[in-house]
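The following block contains the structure, expressed as structure tokens.
Letters are used for the chains, namely A, B, C, D and E, taken in the order the chains are written, and counting of residues starts over at 1 for each.
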Amino acid sequence: MRNYLPSILLIAVFVIVWEVGARIVNTEFILPAPSGIGLKLWDLKGLLLKEHLTSTLLIIVIGLAISIVLGIALAITMTQSSVMEKTFYPIIITSQTIPIIALAPIFVLWFGYSIWSKVVVTILITFFPITVSTYDGLRSSSKELKELLLTMGASKKDIFFKLDVPSAIPYFFSGMKVAVPLSVIGAAIGEWLGAQEGLGYFSRRMMTQFDGAGVFAPIVILSLLGIIFFLIVIMFEKKALKWRK
Amino acid sequence: GDKEATGKADELKELDVMLDWYPNAVHSFLYVAKEKGYFEEEGLDVSIQFPANPTDPLNLAASGKIDIGFYYQPDVIMARANEDIPVKSTGVVVRSPLNHLVFKEDSPVQTPKDFEGKKVGYPGIPLNEAILKTMVKSDGGDPEAVEMVNVEFELGSSLIADKVDGVIGAYINHEVPVLESKGHGIAYNNPVDYGVPSYYELVGVTSDQTWEDEQKKIEAFWRAAEKGYDFMEKKPDEALDILLDNQDEANFPLDEEVETKSMEILLPKMESEHGFGSQSEDAWQETADWLKETGLIEEIPEMEDLFVE
Amino acid sequence: MSKAVLEFKDVSFQYQETDKSIDLLDSLHFRVFDGEFISIIGASGSGKSTLFRLITGLEQPVSGSIHINGEQRPNRLGSVGYMPQQDLLMPWRTIYENAVLPLEIKGVSKQDAHQQVVKGLKEFGLSGYEQNYPSDLSGGMKQRVSFLRAVLSGSNILLLDEPFSALDAMTKLSMQEWLLAQWEKRGQTILFITHDVNEALFLSDRIFILTERPVKQLKEAVVPMNRPRTLSGLHAPEVTKMKEQLIEQLRERISL
Amino acid sequence: MRNYLPSILLIAVFVIVWEVGARIVNTEFILPAPSGIGLKLWDLKGLLLKEHLTSTLLIIVIGLAISIVLGIALAITMTQSSVMEKTFYPIIITSQTIPIIALAPIFVLWFGYSIWSKVVVTILITFFPITVSTYDGLRSSSKELKELLLTMGASKKDIFFKLDVPSAIPYFFSGMKVAVPLSVIGAAIGEWLGAQEGLGYFSRRMMTQFDGAGVFAPIVILSLLGIIFFLIVIMFEKKALKWRK
Amino acid sequence: MSKAVLEFKDVSFQYQETDKSIDLLDSLHFRVFDGEFISIIGASGSGKSTLFRLITGLEQPVSGSIHINGEQRPNRLGSVGYMPQQDLLMPWRTIYENAVLPLEIKGVSKQDAHQQVVKGLKEFGLSGYEQNYPSDLSGGMKQRVSFLRAVLSGSNILLLDEPFSALDAMTKLSMQEWLLAQWEKRGQTILFITHDVNEALFLSDRIFILTERPVKQLKEAVVPMNRPRTLSGLHAPEVTKMKEQLIEQLRERISL
């Protein structure tokens, strides 16, 4: 805790300057004061937490779950078959330099305002780090250990479960630590483009109402969501990698 | 007529409509029809959605993701003419433009030609560019000298934050009273006064496919809507109460004063001697001619593709 | 002399590279007898590790045959115990889980495996560390776990590929003495690759020297020392003479 | 080239299936055919390349330039002063879990419809990888080499320029390889929120025109842009790291 | 005997850790004379590298004084040549740029520096590799570049901290002979840390042994061999006796 003191101080100073600044500027819809955002959060807590948070959470959870399942499956396929690897790996790497996300508006045409248009955005944004890190992890298993296992008479299955999978776990978690904050961003972007509920949607909608505090309040919740998800990943990571000193 | 005898909710047919914007007084008839059970009487279970993007009502109607989207007559013609988008109007809600050129009362600009060298915000719908150009031109200005900025739905906020000098695509029944109620002095020009035909502001559009498959359903919708409108016309206060009861208070709080004012502006523009929802070929033709004149369309589509009764 | 537990009969081998092939063994013939301690020395790249890869079955000879305990099988994987350079323990497995690995792979029942591992850990002075991870152990302790793992493979032949090269000099000394004690007690046959001539002399009955490429024949030196051995035995005149000869043979191939 | 054959084949198959699928579905504004997109690209090449590409490029270049300057400056400050490090590092790391990008709509209120609202989005999305990788790189310099330099009588400046900077360069390039594709995405997202020109804007605008090929055409250019930028970074990296075998 | 180029006078030193302090030297006193080759041996953690850190000036004594070439200066950084364990070349600098580093830092003019480096590279058999990167060189060559870099620091005292520990046995042997030749030719004073008793005996005039903690006094052994030396000289009876004594002294502290 002591280590974070300077950061906390800086944030405190920032919030105070913001508060004072906001009171001087005094146009709430352009620059709401932190106190105003706090009050708004309190006022709307029921609505934001019950309705909009649930909706955004659902998008994130479904999107991440699909990304994880597909990502791991593809990573395994690529490590097991060199044809698949040669086919998909260059595409996956190249696809990362392509702003596929710019296609997001068209998803609304394909999926309407259903949850799927947002889930697809979330998947697109999280699929890459999960797949690539899992793949790199599966590939990272030491050749020496593999040969050692072979000299013990290990089968392909033994090598996969006893060597490749454990070697991949740290990499998988690195990927998750990148993917999880991105999933929150993905859900929010998805909601801008077509939604009837959700924190990203609510924030954008409050803009049309000239309600500055209302714009920031859901973003505060989104931020907390990002941090909480991140901490959950770290918790699982600590548990899975307790052999690391 | 051939009304289906219904009652049980599970036999109701689902029908998705998307409003042109967030719910306000103009949509009272829908909420009345819903509340008073007119839709249910027609065997419909109507769900009402609001768009996240200004063009979604037409887009999603065309792609069949919704059954009816409320949109603007000229855009329906443009979609049909330019990209052969299979959508048609199935009924009219508002019969003349609500869309006005809105600016601050105390600003140096007062008529369209004053906007030369200024910025005008609009919600990304090209029709608004045409309206503004026609207005500036008929006011004796140079349309090319006006800078148009796509501000999506942020019409009001961009105006009062002084990011633009005026906005087009704003409604005299909504943005104007809302801004006024927040204490901003607002002025506006009516496009009809500056060379724009009195087009239908709001029509309900359906894709050709949906029309073919679900004609009965659409017709049932309009029958119920008409009942809703009749109620709204006779008892505007009560209709308003229903709207206010149905509003999503935290999401989009409506101001009763604003909506009352809005209702006053709206009712005359919704009234038709041929009955609520009715359409005239002349009105379609006139608007299409203007669009061709402005270059927004190159050919005028067949009238029977554009609307059905 | 007792029976041959390992025999190479006219074994030839080469690595295929894209543009060329590297001939390493050419009709190589040698025998190792039950209970022997053999060291293998030779310049870097001379093919020492390749010999082990052939014995374990990671590679197959191009021609000739390899007999283990009198049998010739195409799939030799799993038939000898192998202890690699450094320790190569799995960092995510506890000491117990690392040691039990060959038994797991052989499909030994959990109970049997548990008994064998616990007994082994005790004999090797590792009791109490069952639930620790390798990162908690010193270099010498890790080498003992690695050796135990090779022993638990159940084979009478153990191949050790420079097992002590990563240890500091003092720890290495202790491990050499410990290894000798274990070998004398257990009577397994050990093949031991090393770069260190002193180490080879101190440990082994016979030393195989790889000098040519491809290897047609192993030069062989019988170490003139009795067991049990002490470090001071290394200073006996016949031993120092042999040492100088060995170094001379190896130096012919050195280039910086 | 031979190595990429399977990928190229798969992409070819995908494009053909798409073409056939699009012709069967035959609703150009929902699913335009690749051939249609190609034709559209050709038709609009002047407009897209001269006007919209220039505008998007300007956003990317300004945004990246500012991110690089600020990122490197902050990374250096953090390595040189432990107070700064303690203050900023936790904030930078935590900020990554916060969907700041969700604030993008409000930038329009702050910066208007000028280029700056888009540049800020680009900076927000690229600042983190550049700063963190440069910082990690500066910290990665080996302690042994530093002490060796000290025994030669090296000054702080010597150590910075002769050791820290060269050590940081590979990390900096890793950061750039992440940041550059993100900058394209950032510019596109920025343009969605309000713009008069640019490829992201054009794509979205074509949606309002029901011109499916027109939606995809600028995205093709954005994708090429992402790939070209990436290749440029790799080129510079090869040059700077020619000591790597 | 010639003059003392390095002298520790009652030097005490300790590392401060958060919870405790580690006493390493306690009023240590020793002298090294011009042109000597001194090896330092001692168990891991006994403080060998710490001695070097004190000499170079990376650490300061808690009490006592350190005299280099007769002078006592608080900032000794830059006054001796230091060659670390392994090679520690900068991978991004060419061989030439690596060798020129100490001259760059001393602010020697480019022209002078160029002359010195080119001459040095030639003497060390590295001509033709000026524009190569370290990754192109063999282990022995890298060590020679590293040694040249230490020599170019211009100091008459060179500290070598286990420079050959990462080399394989054969390369190590060649490097030892090469180092002796260089030292005999140049006449610098060398302090050499090693774990390898053979190496210490083969190379040095005197051997310092660190056995206690904190170190109060260095045990010292004068190697009973004339120069030039050969490997076979190591087998002379007085040498093997000294070797056994040294190993005995070190073993007292070994624990696995």
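Assorted remarks:
The criterion applied here is as follows: contacts are C-beta pairs under 8 Å (C-beta built on N, C-alpha and C of every residue); 3 or more make two chains touch, one makes a residue touch a chain.
Chain by chain, the UniProt names read as follows: A, D = Hydroxymethylpyrimidine transport system permease protein; C, E = Hydroxymethylpyrimidine transport system ATP-binding protein.
Bear in mind the structure is a predicted one, so any value in this text is a computation, not a measurement.
Contact with both subunit C and subunit D is made by A, E. The minimal number of chain-to-chain contact steps leading from subunit B to subunit D is 1. With respect to subunit A, maximal separation of chain centres occurs for E (centres as means of Cα atoms). Put simply, the C-alpha centre of subunit A and that of subunit B have 38 angstrom between them.
Computed centre separation for the pair subunit A/subunit D is 18 angstrom, with centres defined by C-alpha atoms.
Remark: subunit B and subunit C have CA centroids separated by 85 Å (rounded to whole angstrom).
With touch defined as above, subunit E holds no residue shared between interfaces to two or more other chains. In subunit B, the residues that touch at least two other chains are 53, 59, 63, 154, 157, 161.
Each of the following residues of subunit D touches two or more other chains: 29-30, 105, 109, 204, 207. All chain pairs that count as touching, in label order, are A-B, A-C, A-D, B-D, C-E, D-E. Remark: subunit C residues 53, 56-58, 77-80, 82, 84, 88, 90-94, 101-102, 104-106, 133, 135-136, 153 touch subunit A in the complex. Contact residues on subunit B toward subunit D in their complex (touch as defined above): 53-55, 58-59, 62-63, 78-79, 82-86, 119, 121, 124-126, 147-152, 154, 157-158, 161, 163-164. Subunit D makes touch with subunit B in their complex at residues 27-30, 105, 108-109, 112-113, 193-196, 201, 204-205, 207-211.
Note for the complex: subunit D touches subunit A at residues 3-7, 9-11, 29-30, 83, 86-91, 94, 96-99, 101-103, 105-106, 109-110, 180-181, 184-185, 188-189, 192, 200, 203-204, 207, 212, 215-216, 218-219, 222-223, 226-227, 229-230. Residues 43-44, 138, 140-141, 168-171, 173-175, 178, 195-198, 231-232, 235, 237, 240, 244, 247, 250-251, 253-254, 256 of subunit C are the ones that touch subunit E when the two sit in their complex.
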